[in-house]
Amino acid sequence: MLYFETSFPVRYYETDQMAVVHHSNYVRYFETARSMMMESWGMPMHKFEKDYSVLIPILEVYCRYRHPARMGDVLTVSCAIEKVPMARLRIDQKVVNQDGELCAEGYVTLGFIDKDSFHPVRCPEALLNIIEKHINDR
Amino acid sequence: MLYFETSFPVRYYETDQMAVVHHSNYVRYFETARSMMMESWGMPMHKFEKDYSVLIPILEVYCRYRHPARMGDVLTVSCAIEKVPMARLRIDQKVVNQDGELCAEGYVTLGFIDKDSFHPVRCPEALLNIIEKHINDR
Amino acid sequence: MLYFETSFPVRYYETDQMAVVHHSNYVRYFETARSMMMESWGMPMHKFEKDYSVLIPILEVYCRYRHPARMGDVLTVSCAIEKVPMARLRIDQKVVNQDGELCAEGYVTLGFIDKDSFHPVRCPEALLNIIEKHINDR
Amino acid sequence: MLYFETSFPVRYYETDQMAVVHHSNYVRYFETARSMMMESWGMPMHKFEKDYSVLIPILEVYCRYRHPARMGDVLTVSCAIEKVPMARLRIDQKVVNQDGELCAEGYVTLGFIDKDSFHPVRCPEALLNIIEKHINDR
């Protein structure tokens, strides 16, 4: 399994009037962790488009809320990939607070489309190789 | 089935650098439609807490992205409830653009917890009655 | 003076843990009103770029917070233009709640830059004419 | 002068369809830096309310945009305080990218109000002492 995690504090504007992190922000935390993961591979999302002429749209997102994150929390957000992608890439994600409490878990499914034709394509070789390498490393 | 819909234009800050509405915002559109639905019942979310001492946390959210919404679009966001809630309330949601294209669809599951004890409770009678009435009306 | 206003309800995700609209959202309300104003002129922002090859970046924004907006409020956000723009366009903006209370007021200054060279240009004739017409109408 | 800075990468959802960070997010960056500063003093904003029964509302914000921040940028956001606060605290803020380019600069003015009466009060002694100490340290 490929595993990556990154940590950052809750930001004040992410809270809502229930004094917890608004549920929509976990979807943004998921994305932030994915961006940092691709960055750590030397393949940041924003360069991916240019270098491979492939866009990586979100096809679906699921999130199960377990425990509210609050201002003052430092969250660790993780990405896990179990299967080498073909047409789609599923990433399992978790948000855990500084006390080890699971705040939320879910997954996103990403697709690959040609930048010009907007037709679905296979996962580019370069990305495939990185994921394959990391899955086997663990 | 209980059905409700509301419409509003895409806002510029909701777009991202792919020139489409960022995927996290659909989760916010879902919520906006639910707020308008409760408002239309004379039972706005923010009064619910005070009047019934019950909080309505989001337990899970799922969203499948079909077609990108863009700046200039006017979106119709709908809520549908098929079953009278007991401990949980599931709401099916859709986002459709002005041309009738389905942009996204998904659901949220809501729970009910006592404001003071934070223990799960049943759906308050008043909300139950409204939902039951609307389900039978159709 | 050119004057435009539009109204919309506060959205739940815009509140923060002080149970008021987070201060950053007023800047977004300002923008939303400007978008609706340009839409009302038949010249939506996103078409402006294509039709005139001119981008309209924000140069500065100022906001003075007077009275907190809350969930349940319906806000009226206004734009006022006093002077025909040359290199810059200043728009004065207000956010007022359903009880007529002034929640916030401020202004934004917009520039005009060529889409390709990124050099500053004058306000395009078409926009100038609309603003001039509306200023004189009142 | 009291000076504090913190750094973090741009997040994808913060970009807009011009492929730059949306202007409203600089106001959020300002806040994030202020939160980190108070955290560094052992006096996080969310505890301040509880410990001193004083709220710190934003009275005004100003931002001048100089150079667009983009996905891939790592931003350093600073806070500077020149004067010990009485009824108000002014904080000057800057956003600089990894190449040392000034992206935005501005200020916020904060007030102090009693949590229960909502009346304006003086800056609490504890905060005053910290600011005074830091101003003199430099």
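In order of appearance the chains are A, B, C and D, and numbering begins at 1 in each one.
One rule holds for everything that comes next: contacts are C-beta pairs under 8 Å (C-beta built on N, C-alpha and C of every residue); 3 or more make two chains touch, one makes a residue touch a chain.
Since the model is a prediction, treat every value here as computed from it, not as a measurement.
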Q. Taking each chain's centre as the mean of its Cα atoms, which chain lies farthest from chain B?
A. D
(Q) Over half shared numbers or under half: where do the identical copies chain A and chain B land at their interface, same or different? (A) same
Q.
Can you work out the whole-Å distance between the CA centroids of chain A and chain D?
A. 28
**Q.** Centre distance in Å when chain C and chain D are each reduced to the mean of their C-alpha atoms
**A.** 24
Q | Cα-centroid distance, chain B relative to chain D, in whole angstrom | A | 34
Q | Of all residues in chain A, the ones touching two or more other chains | A | 12-13, 17-18, 24, 28, 31, 46, 71
(Q) Can you tell me which positions in chain A touch chain B when the two form their complex? (A) 17-18, 23-25, 27-28, 31, 46, 55, 57-65, 68
Q: Enumerate the contact residues on chain A facing chain C in the complex.
A: 12-13, 15-20, 22, 24, 71
Q. For chain C, which residues are in contact with chain B within the complex?
A. 8-9, 11-13, 28, 31-32, 35-36, 39, 44-47, 70-72
